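Pasting a structure here, questions to come.
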């Protein structure tokens, strides 16, 4: 199996989730993150003190999928998360040695 | 001397609307007016209480219902409206509302508070105190409107709209009812501003939210309130401050003020329980947002009635308005499909109309000097309806024109990107961590 | 006429408890009563201040000490109690407390505020104002109780319990002390409600938290307060509002009210410093929760004493009660092992008892007309103890019966799952983001 | 008898500073003084309002501007200062400020409020009420200072500093201006404490922040405010409470109080808009922090002028002070390079100085009995400057000495690690989740 | 070494941590996450506007362990985190190429 | 490519980011975490109820880098994040099968 991690723009989350559900992804885990990269943040000013916001709000997705589905998921992520503007984010694909569903103990592909 | 005449005239007219006081104070006017330190103490307090309603009361009530990325922009709007209206009221608003003029609008005799002095009286309180008490009403009314177009209006457009609206819509209508204008003379009962403040704000909000269009993401993303703790704080401060609004409108510390406070408390509580009960039945759970929304609905509905109805009447006004506002914020809105973000029309418009009519129903001669439907004076309901119609029509048309002009000149709505990033960051360069 | 007799009688009885005022107002009653606009202004303000204590004061003080998943449920409970008690007080509570009746409970002569009018007076203020001022006391007392069973009671059970309790426990005890009942006649001193409000609420809370059982996760998970900022806001508003509670209980804007305000400020400050000092010594760090808890303990302890003690006496009452409440919320609770979630008994019960007794110790003839132990009148301490005993016994038994019945009929406690998910989501379908 | 003489003397002296009242009350003193229930009602209310300014007003205004890890420590400091000053004021502060003494400091005749009684009057209000009203001023002044050294001072050092400072700096300066001291006699105008409270606190803050040094991470990490919602709530409560501060300083419910309230509202609104406009031009965006900071600047600036200027004068004072405080919190601070964390000097110092001088410019004989520069009395500006100089010099020197001593004995500053972990956890063992 | 990632129900955290400590796990890192899967959330209603909560609060654990310990840790996680109800979560096992303890520079198994 | 995950003390973040930028790291993603390990937390006391804080605030960094850069990045992390006191944190290096830049679809090293 593969663990696909994607960093996306927060407002894209619902769109991405729907796209993934459509291609049969049953579950995923998201967490809030802040990203540093080419995209530059707005600056905040408080009584004349300026703060460059170098870390921008992002959403981090983790999706474990059977190897055969990986390619399609990456493709779907790309299409649904892209706005074409700097800061759209990244997708990283990692190998998973083993997966377990806590409730049942089912393993690997059955666990997803 | 001439000034004193204006004053007396204006005062008498205003007080005329307050039947409970019509007789003695009016006389007091003719006779040598004398300052009453007790009445003055209560009006100083009431002024502070009504200011508390807007900042931080209303600002929090509204801000908590928004998403986190827009909460500061809402606080900013309420606070800025408070400041802008204070200055505009001093410059011209007070004069347009309360200076001697036509039945339709006041004159310019009191611009920049010309001729104001430490000694001048209005009834038994200092004239300047009446001015600043009324100023707090001129602050909260436009502030109420901003809830309707929350999350999407340019800050500059908001300043222009509320500023012009206060001078062109609020001040004249105040004159109609309390400043010696035609609605007052026609016998419309509006003790503390159900028509002047709430119907007025509700209608303006409805027009504004329709003209600016729906919030991005409505129906697709979650627009759930980010922090109802703020909303409950706000609702509580609105309730407490409303004692200044309603009991303060007696312009004295007397039995009428006390009765106004009592009926305000009863109607508000009843309305909150009424909304809660309806929601509990329809949705299966009572929510804190529902409870406090009902309370605000009850406060709105009792506002015109405060000096005129007995406790029992207040109980019914509360029970009816709570359910009515629930419908206004849910059924009605769904039915018509406009995006009144924070239900300014659903609660202040609907609650104001219900309250104005029920004032005509439950008014009691023993309490406020005027009988209502239940005491056989059906005509009063018609008079009340007339007051509503006049206000709705003028407010709707004038608000629409003002908004259209601003839209043409500087544009009402922020860019999609600004809306998406949230107004806190995009318009004000600040965020809540 | 008969009504006016009731009124006079009730008023005299009430005022009897307020030695400082016993003479003139009582006379005023016999003579032709006249409204005083200054007294009325202060009582209008006091009513607003006491309402501020419950919403949002107490709601925030309590809500901040809970976990995030339960904060809205606490705000909901305090706000709903405020609404429910307002209606019940108007319907029957006021009558049971203040209508002419037996020494043990008032009659039904004032149900639905029958016969209330704009003109009727109670001493120098409108009678209806006295009713609404007392209403705010009937609101906060049950609201205080909910802190004891926070996080685990059904919302419906909470409404039934507080509603019945107010009518069956609070109203009669109020009658005993202020409504012409036997405790007042026995000379028990309770200026603003140390016994009626705080011991009463504290004992009911203790009984309730024992009967409903401990919170899930107590001792195993962290139940640490999620946001003490809310708690500090709440404590501050309690303090400010308490001026209306204590100084307002003078029912006039006079020297007694001023002295009550001064001693309230001094005792509260001393109690906060006292708790802080004890905690600093015992735990190595002064905490903001400790500081504000001490302040509330001081407010509770000075409540019965406010009109009767001099500034020096207040200083000692503060220093003693701060330390006593620290013990009540830590040592005593550990010792007995009950789960009084927000220390309603530890602070209001203990503080109320300490305050009631110390009132008997520090009462000064020069201030309130009654001498205490230090001025040689040891008997007063006994009288105070009698007031405590009577209240504790009746409140404990009655509260237990009411809770038992509700438990049998609808059940007191939410399901384990609901408790685990948090009451905000499970009972009210809302969350704080 | 002798006591009553002190009282009368003290009172007269105090009132002397309040031209508007100089005549009648002073006479009232000579004649048989009589309690006015309306004046008393307003002063009871004003006392509650000024307390509201510090807790929770100022605490939130400051706390919201800090990082999350220090917010509780700020609330703790403001609340603890409130408690400590209440006790110290009762013990000695009030006496040093208002007991008969030299032109430089009051005597010890009123220590522990000796001789205070329910009946004693100060003008038309109870003497004990004047004491507690002034107590709230003695609370907020040291509390204002803590903003300057936020995030880095030991809690114990903070208690020592503010406690000693109140007795050694605040009480005497109060005596100079209001207690019969030399500045009052010299004709310095300070209606509600622009010099006594704000310049005083601003200068002490400046000295303190220089002596304790800059916050760790200044310039390298983000020190951005964690939650401006709290700051807006705080600013709003400051505004509302300030009505008690300024209008309450009339010590009566009369035309002067009403005018003071009106000009306070106008100047505050104008200052907020002025800061917003300047920021909008210079930075491209109007911020809510800027808006509320401007409002506070305006409140500060109108404080000395409240009873002396007309609405038009207030408008100009507001517009000027808003821009001046913007400069004080940005340009001036950058220029000098000190780390006044929350701009105590930038806003209260600068605003206070601007306000004191402009009082001399805009004072109007018709309003407060004294003419200013614009009415041809240029000398008044010089007198005002003299008041500023005397206060700044004494406050700066005395504050520096106190801080130096505390630094030598227990040390002013927390450890680097404590500062890094945040004061909430390291000093108070608490955190906001 | 292995990096074991587990998604669990928040109220299980303390229980899981204790179980892991008992079998000799010296450290772990947790972060808040929101999960989408079979388990359905309650709905929230605000003035008649209904919001299905599709993302439920979860806790994300990361535990780096020597290969030989991996099996036992997974087992322990399963037992301590399971309630038997839908939504108990997942365990994913990933390979770690290298581990370093920042303080000392110790590497791999010594780093854990 | 490698995905380098580091758990560090929060106040070190800015320093670490600058150090990494200096050696040419173009982007990274951070998220808030709480860590359990040798380092013991202070205890909080509320009205006599004591709570040991077993989980301490940490920052979690994720940095995807080309294989050749990995060693240098780990080194830099170590130097910039270390205080020498217990609780400095860990670095874990994982293999990345594939990386994609959502905006452009660029893959692997081009995506970083």
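We just call them A, B, C, D, E and F in the order they show up, numbering each chain from 1.
Convention: a contact is a pair of C-beta atoms (placed from the backbone, for glycine too) under 8 Å apart; a residue touches a chain by one contact, two chains touch by 3 or more.
These numbers come from a predicted model, not from an experiment.
Colleague: Applying the touch definition from the top, give me the chains sitting in contact with each of chain B and chain F.
Modeller: Looking at chain F and chain B together, the chains touching each of them are A, C, D, E.
Colleague: Which chains make contact with chain C and with chain D at once?
Modeller: Common contact partners of chain C and chain D, which must touch each of the two, are B, F.
Colleague: How would you label the chain A and chain F contact, same or different, if same means the shared numbers make up over half of all numbers there?
Modeller: Different, since under half the interface numbering is common to both chains.
Colleague: Rounded to a whole Å, what is the gap between the Cα centroids of chain D and chain F?
Modeller: 47
Colleague: Express in whole angstrom the distance between the two chain centres, defined as the mean CA positions of chain D and chain E.
Modeller: 53
Colleague: Centroid of chain B to centroid of chain C, CA atoms only: how many Å?
Modeller: 33
Colleague: Touching two or more other chains, which residues of chain A qualify?
Modeller: 31-32, 44-46, 94-95 - these are the residues of chain A that touch more than one other chain.
Colleague: If I count partner chains per residue in chain B, which residues reach a count of at least 2?
Modeller: Those would be 36-39, 41-42, 45, 224-225, 233, 253, 283, 285, 287, 289, 429-430.
Colleague: What is the complete set of touching chain pairs?
Modeller: Chains touch in the following pairs: A-B, A-D, A-E, A-F, B-C, B-D, B-E, C-D, C-E, C-F, D-F, E-F.
Colleague: Which chain D residues qualify as touching chain B in the complex?
Modeller: Interface residues on the chain D side: 20, 36-39, 41-42, 45, 49, 68, 224-229, 232-233, 235-237, 239-240, 243-244, 247, 252-259, 261-262, 265-266, 268-270, 272-273, 276, 283, 285-289, 291-292, 295, 310-312, 315, 366-367.
Colleague: Can you list the residues on chain A that touch chain E in the complex?
Modeller: 3, 17, 26-32, 62, 64, 94-103, 105, 111-112
Colleague: Would you pull the chain F residues touching chain E in the complex into a rising list?
Modeller: 2, 5-8, 31-38, 54-55, 58, 60, 74, 77-78, 81-95
Colleague: If you look only at chain E, which of its residues touch chain C in the complex?
Modeller: Touch residues, chain E against chain C: 11, 14, 42-46.
Colleague: Using the touch rule from the top, collect the residues of chain C that touch chain F in their complex.
Modeller: 65, 222-225, 283, 285, 287, 289-290, 293, 329-331, 333-334, 343, 346
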